[in-house]
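Report on one structure; see the data block that follows.
Note that the chains are named A, B, C and D in the order they appear, and that numbering of residues resets to 1 at the start of each chain.
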Amino acid sequence: MADEGLRFPTAIGTSDETQIRLLGQDLAADLMGKVGFGELAYWLVAGRRPTPGEVRVFETVLVALADHGFTPTAIAARLTYLSAPESLQGALAAGLLGGGSRFLGVTEDCGRFLAGVLADGVPEDDAGFDALALAAVTEARAAKNFVPGLGHPVHKKQDPRTPVLIRIAEEEGLRGPHLRLFEAIGRVHPQVLNRTLPLNGAGVCGAALADLGLPVDLLRGFALLARAAGLLGHLAEERRNPIGMDVYLTVDRNAVYED
Amino acid sequence: MADEGLRFPTAIGTSDETQIRLLGQDLAADLMGKVGFGELAYWLVAGRRPTPGEVRVFETVLVALADHGFTPTAIAARLTYLSAPESLQGALAAGLLGGGSRFLGVTEDCGRFLAGVLADGVPEDDAGFDALALAAVTEARAAKNFVPGLGHPVHKKQDPRTPVLIRIAEEEGLRGPHLRLFEAIGRVHPQVLNRTLPLNGAGVCGAALADLGLPVDLLRGFALLARAAGLLGHLAEERRNPIGMDVYLTVDRNAVYED
Amino acid sequence: MADEGLRFPTAIGTSDETQIRLLGQDLAADLMGKVGFGELAYWLVAGRRPTPGEVRVFETVLVALADHGFTPTAIAARLTYLSAPESLQGALAAGLLGGGSRFLGVTEDCGRFLAGVLADGVPEDDAGFDALALAAVTEARAAKNFVPGLGHPVHKKQDPRTPVLIRIAEEEGLRGPHLRLFEAIGRVHPQVLNRTLPLNGAGVCGAALADLGLPVDLLRGFALLARAAGLLGHLAEERRNPIGMDVYLTVDRNAVYED
Amino acid sequence: MADEGLRFPTAIGTSDETQIRLLGQDLAADLMGKVGFGELAYWLVAGRRPTPGEVRVFETVLVALADHGFTPTAIAARLTYLSAPESLQGALAAGLLGGGSRFLGVTEDCGRFLAGVLADGVPEDDAGFDALALAAVTEARAAKNFVPGLGHPVHKKQDPRTPVLIRIAEEEGLRGPHLRLFEAIGRVHPQVLNRTLPLNGAGVCGAALADLGLPVDLLRGFALLARAAGLLGHLAEERRNPIGMDVYLTVDRNAVYED
């Protein structure tokens, strides 16, 4: 079926009878046991092997985003597992499908917003970041837009993930312009909004991923990868100690039918 | 809305205004920067923190399963991204939905098969494993069933992942009964089947995960987690260097319409 | 890119600059306005145009299966819409993914079970159906299997859909061996099980679809098509009068965290 | 588990031991055999029973959108079925997940665009529609936006579905302002764009659905419902006469690995 005219190029992987190649490496000889899973995920998306410092920041982000308890996505995955327990992939997929604009989108939205503000040039010092942040927040407010990543429904004063992630990025020399701009937004926004909001941890994750050079159009993908681990945890717990049936019955028994 | 009568128990996570708790830990203080992503995924499913040796074997499995080039699932994810590029979660979910019995099922099928054979007791030595393996292969053949994990469509003599994973499990003291039984199957099956088949690397992964004490009913979940990283790699490449449109046009232009 | 060696045959559809062909017909001239949607769905799967009587029974089945209130699948779809309202296809897909063995599987399971029992021959009269039914129920009980379609968690005495669907099939001359065998199971099972269970309406739907000559391996597909309409109804209502956030908060606020 | 404080209102459906209620009707007594499947789908979303004329236009739209041959979504569904044939719901969901902005979005995009243009008032006659259309196309061009529904990649002169659907809407007295505005766009756009493009049939479907009073934010849902039938046709054909493996092998064997 091979055909001179057909070409499907890829730099990801291929295999023949004796070897599996992945990202230009011999999977068995060069990667297995030598490369961590987070490191490989980064490499797969970025197309280059990350440094140990980049891996540390990256895995910190994945850990930060992996789970947040009974989110709508976790509940949807458990209900799907209840209905179709033979199809674990379906339950996982159902959970990931909630990874859209509202409950899992802030990571990508924040990274993309910051990258847009930085498109015309990166300030040289904190004063420059503050000025740029002030202009960006002012413009967002004038357009009646939210600044992505500002505020959190539960952590109303401070998101506990925020200072830890900034510190780790700093330790690894990876506190770049996106994080610095987001921190500046944290400093200046009260002047414009007349109230003080915390920097959302999921937003900080987006800033950190953008500083790692990962494509801002795909940042949601890392939130999804992290959440895949969290959803597997929920599905394993649902198998041991289910709540799906009780969720369903709670809704069904309290349904109010309005003819 | 809180109600004395409603209780949805979980040991995964919760949060309040100042803290996020995950698996009994303080996410920001105890996990971020201190626990790897693979380690956390293991912990989430097993409900206990793995040892460093367990993490090494586990991440080796995830790396081994992450990608295998242009599989049907990778192509499905790329075609979905072509049609709905605004919904990365949909493209990822579409790819994972192929993680069923045929192309991604061997990991779980093999682990489950081995666990079933071991249910009545674990042999003491290699001779005992060989005898148990011989009985299991003979029984499978008599019932006209395949032995899951035996044979590979591409790696007809040896799957390059197999010896590496067994060696790493051995190094970490984690070459347990499932791996030993699978190796015994590799030794004895030619007596029954009259031909020599390789031990499939994805099947060895299932044996290794079962030896890690992970629930055999959920082994598919780890293949899905690994594949989520591979699919993100494909979607990132599809964004940079797309093939989805060419796949579609190749099929459409060579369609033969049979009225 | 056309290639002599590549051939992807299909009898479904194709199009060129001036015409769209579907199922051997001119879509615009022969189908639009002349064929109903249910009729087309039947034709697409069966590969032949159904008779008006077949369409009536088929649409009755779709109507019977379209919705059942706050099922786990409807709740999962609403929670996914809450999280990702920009991706209606994701919410619909999440709902359909629950269409597996437990909550939506009885239609296919029942049709398949009946077809299996009938594989060795179709009885000539009710006495023959009763004898065959008695043997089948006795065998299922001996193997500790449930008879698919027998019993209903809510309609403990009679499922109101059952007599209506049987009557309509009878009116259209389409009460065939699968329905007759299922009715016989309804008559004889108390002798074996020592209690009287109703014939589940979703199971009767499976019997009716099998009598229509539709492939028993795909009966779940019709339940999914019917449910797609119901899920769109739920999503439209969720948009007008949402409950997803309340479901989420009910679960989250009544979470009991077990460290 | 019932609780005074919990209320989940719905007007869709409920059931008790003897009755299933759907949309305020007795499902078995009032709907089964008396209401068509398309009619029920309309009713579920609109919350009101459609007239026979509305049903005819609605089903014509569903028939027009049900299938278009080997689209990316149909190929993705077939590849997913190849990988996980035991999970029909997964294959169907994978196909629907491509129902996003590019290949299935034009119906909703067009309806929404027309509704936006009409938001400030509906013209009284064709001259008024032409003037409004001219302003809208001029504005879209100035903003460098496409007019949704104008043009088709295959039907470069005329989409055969377009005149048929307009005629049927006219016959049923349902050729309303959205269709009339879209027709006016067809008349006036060459003055602005300097070339003549056809009115896309999927776009006309969006105009017709909007004229039926269906919510423009959910028009994509009807395209998805229609496509669900088409995808079931593809999956039934894939079961009888598969092409998925050949698609996979065509891509895999023509992969060009770029280290």
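Going forward, a contact is a pair of C-beta atoms (placed from the backbone, for glycine too) under 8 Å apart; a residue touches a chain by one contact, two chains touch by 3 or more.
Because the structure is predicted, anything quoted here is derived from the model rather than measured.
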| item | value |
| --- | --- |
| Same-interface partner of A-B, chosen from the options A-D, C-D or A-C, over half of the pairs matching | C-D |
| Fraction-based call for subunit C against subunit B, same above half, different below | same |
| Inter-chain centre distance, subunit B versus subunit D - centres from mean C-alpha coordinates, in Å | 38 |
| Chain centre separation in whole Å, for subunit C relative to subunit B (CA means) | 32 |
| Between subunit C and subunit D, centroid-to-centroid distance (C-alpha), Å | 23 |
| Multi-chain contact residues (two or more partners), subunit A | 1, 3, 6, 8-11, 13-14, 69-70, 84, 86-87, 89-90, 93-94, 97-100, 104, 243, 246-247, 250-251, 255 |
| In the complex with subunit B, residue positions of subunit D that touch it | 1, 3, 5-6, 69-73, 75-76, 79-80, 82-87, 90-91, 93-94, 97-105, 243-244, 247-248, 250-252, 255 |
| Residue numbers on subunit C that touch subunit B, as the complex places them | 1-3, 6-11, 13-14, 21, 24, 84, 86-87, 89-90, 93, 97, 246, 249-251, 253-259 |
| Footprint of subunit A on subunit B - complex, ascending | 6, 8-20, 22, 26-29, 31-33, 35-38, 40-41, 44-47, 56, 59-60, 62-64, 66-70, 87-90, 92-94, 96-100, 104, 154-158, 160-161, 163-165, 168, 215, 217-218, 220-222, 224-226, 228-230, 232-237, 239-241, 243, 246-247, 250 |
